[in-house]
Amino acid sequence: MILVNRRYRFSASHRLHVDALDEAANDEIFGKCNNPFGHGHNYELEVTVHGEIDPVTGRAVQLDRLDELVGRSVIDRYDHRYLNEELPEFAQTVPTTENLGKEIVRRLRAAWPSGFPHLERISIFETPRNIFLIGPTE
Amino acid sequence: MILVNRRYRFSASHRLHVDALDEAANDEIFGKCNNPFGHGHNYELEVTVHGEIDPVTGRAVQLDRLDELVGRSVIDRYDHRYLNEELPEFAQTVPTTENLGKEIVRRLRAAWPSGFPHLERISIFETPRNIFLIGPTE
Amino acid sequence: MILVNRRYRFSASHRLHVDALDEAANDEIFGKCNNPFGHGHNYELEVTVHGEIDPVTGRAVQLDRLDELVGRSVIDRYDHRYLNEELPEFAQTVPTTENLGKEIVRRLRAAWPSGFPHLERISIFETPRNIFLIGPTE
Amino acid sequence: MILVNRRYRFSASHRLHVDALDEAANDEIFGKCNNPFGHGHNYELEVTVHGEIDPVTGRAVQLDRLDELVGRSVIDRYDHRYLNEELPEFAQTVPTTENLGKEIVRRLRAAWPSGFPHLERISIFETPRNIFLIGPTE
Amino acid sequence: MILVNRRYRFSASHRLHVDALDEAANDEIFGKCNNPFGHGHNYELEVTVHGEIDPVTGRAVQLDRLDELVGRSVIDRYDHRYLNEELPEFAQTVPTTENLGKEIVRRLRAAWPSGFPHLERISIFETPRNIFLIGPTE
Amino acid sequence: MILVNRRYRFSASHRLHVDALDEAANDEIFGKCNNPFGHGHNYELEVTVHGEIDPVTGRAVQLDRLDELVGRSVIDRYDHRYLNEELPEFAQTVPTTENLGKEIVRRLRAAWPSGFPHLERISIFETPRNIFLIGPTE
């Protein structure tokens, strides 16, 4: 068994704000990330797939299929977007990188072809200092 | 003579759009960076100072003073901001990283203490692939 | 469930030497790290926390609280120190990065607030080539 | 218990091609990696060892012994080689990075001294975007 | 005036060997890079363009045009190739990274559209340790 | 003409303190770098050589000779040392990275073989944020 990691990039912006909380609470929890106009990041996404090496091709995952899958489900959807305003999934849900990661896992799982090697986890680098790992929960 | 480079980080968002151009032109020039809601980056700023090594202290620039200067003039102003909406300098000027860099140089020069080692140039990493170097023009 | 990683930096120096061993043994085990005057590193510390995403705030860990905790327990204590001479925990114990990591875990656990998301492990980059992962043992 | 990771580098070239498959299949599976003359990479190898901290020396693994072991078994063998033509293990087996990793694990296990800390896994960075993790299977 | 740097990647293999020199000389000059079957690298190419910020668009260079130009002239030509055997420019000339860089500059200059911002230099990272900077000579 | 950069690493420790200044001045200028026991860094040294591509060998500099030169003059001297106590050149001179760089340039120039490609400059990364460039002054 082998884990194959492949990295992708996208740039987006978000604002961390919860309507149900008052200003003081938003400020305390999110600090300058609560700025009303949002701010942005170069997100780096690592997709980790758990496969077996095919005895004929020597490959554990067909990378062009993975690229197509991640490109269509994630990169095309989030690259160069303002997450709060443009994505319905973040209309009611605050687009922290935690929630963004959860949503990316949900989208990958929904689009994942049967028979494709198992999706093990994703990692999102919000910045080089802040990295989130999320595994698909069933 | 010695060049001292010091790196800083800030996260912000911008939209690349010129009102004086029509939609087709904006789309052709800026592509997905023209998305109406903006998108964001983790900018990395490198400030390059040209100094002489002080024979007593062995230092070419007092780094805490440089930090205070860059922090106050640049990082505090741009970190976690939506450049188009929150900064008057980008009300009429499109906040490309080129223009952002030019403005950062202008602000550093305005705040630069006389007698402080010479500001040689700045470099902005918009992404790890796109890097802009700007020197102060007099 | 989600893992949140946050990275910190500190610079310190150490000497690898065990009094109970003779010179030949110290030299064989530690090589040039046994140099009597010590040497130093830019340590990079990654703290990994295992949490749940709060359904309201969308966060798994309050990062400013984590920063305060790591800052006070680890960074303030070790940054710009000579580990052998200035820290009582290394008076009798050789400050290899393994032992430094074990001590950092011990200090984090002692300071960890009850109810705070679970401390999963720490990673220390002694250099970009040498990386140590340590989980808290109970 | 502690995981110690140490990184090594080697440069090599390979061609991804399976004789048992026809041209169309080779092209579909391997794309431009099927180019008859091969192409190359700067591989980065991370060896992960699972050990206990020695109470006297404070070390979990003697790094110079690990270097000697990895150097002799892996780096000397693969550095600056064309994997398909020069290595008998890839005469019949396509040298994908998956198969290369499997072979590296096999070689490390064969050369691993008894009593040496446990080999946990290896990671190979084929490029900064493509990373493979393989654990030894028994 | 501003320098814009944009980074590209390609993987290729080469053998360092000069027919006009005998085996001993080839071995002395090129060491293991003289291995008859070649070896490979992940080359990273940085193209540096010297431009002026357009007062309307705020851009110094149209990046999609630069991408198209570099893609067609350089990346498509060298990516996943064995330089010695597949490229006529290296039939008589040893494909050291120095000569590869010189050839890349020659190709970029030949394809450079008139009126496009000035090509200042290129940098090639052969490995993270070996970096070559070449400016176009006229 | 071409610039060839090659990177080296060494780890050392230093204390920033000037005997001729009183405690308050030392504290104000050097802050926590003035800590009496010193602290350390993983220094990264980039040596930049300005050469011409040899028309026969295709090389601008013989890298194994450069490695031998830098290894003997710089790395062997400073790696795993406490600069203040072990190196006579820093007995009277404070080993800031500026002064360390100046001394490295002086040593390289003294050892530089006649006929070897021109030493253009060195860069020292004290940390990933602090980078010093020094050219040889004649």
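Think of it as A, B, C, D, E and F in the order they're written, each chain with its own count starting at 1.
Following the convention adopted for this analysis, a residue touches a chain if its C-beta (ideal position, glycine included) is under 8 Å from a C-beta of that chain, and two chains touch if they have at least 3 such contacts.
These numbers were taken from a predicted model, which means no experiment stands behind them.
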Inset, instruction - Tell me, please, which chain's centre (mean of its C-alpha atoms) is farthest from the centre of chain B? - result: D
Legend entry - Type of chain C:chain D copy interface by residue overlap (half), same or different: different
Legend entry - Where chain A and chain C are represented by their mean Cα positions, the distance between them in whole Å: 29
Inset, instruction - Quick one: report the Å distance separating chain D from chain F, using the average Cα coordinate of each chain. - result: 34
Inset, instruction - Report the inter-chain centroid distance for chain C and chain E in whole angstrom, where each centroid is the mean of the CA atoms. - result: 42
Inset, instruction - Spell out, as numbers or ranges, the residues of chain A touching 2 or more other chains. - result: 128
Inset, instruction - So, with touch as defined above, which chain pairs make the list? - result: A-B, A-C, A-D, B-E, B-F, C-D, C-F, D-E, E-F
Inset, instruction - Using the touch rule from the top, collect the residues of chain A that touch chain B in their complex. - result: 9, 11-14, 32-33, 35, 37-42, 79-82, 85-86, 127-128
Inset, instruction - Would you pull the chain C residues touching chain A in the complex into a rising list? - result: 1-7, 46, 53, 56-60, 62-64
Legend entry - Complex contacts: residues of chain B adjacent to chain E: 16, 18, 20-21, 29-31, 93-96, 98-99, 101-102, 128-135, 137
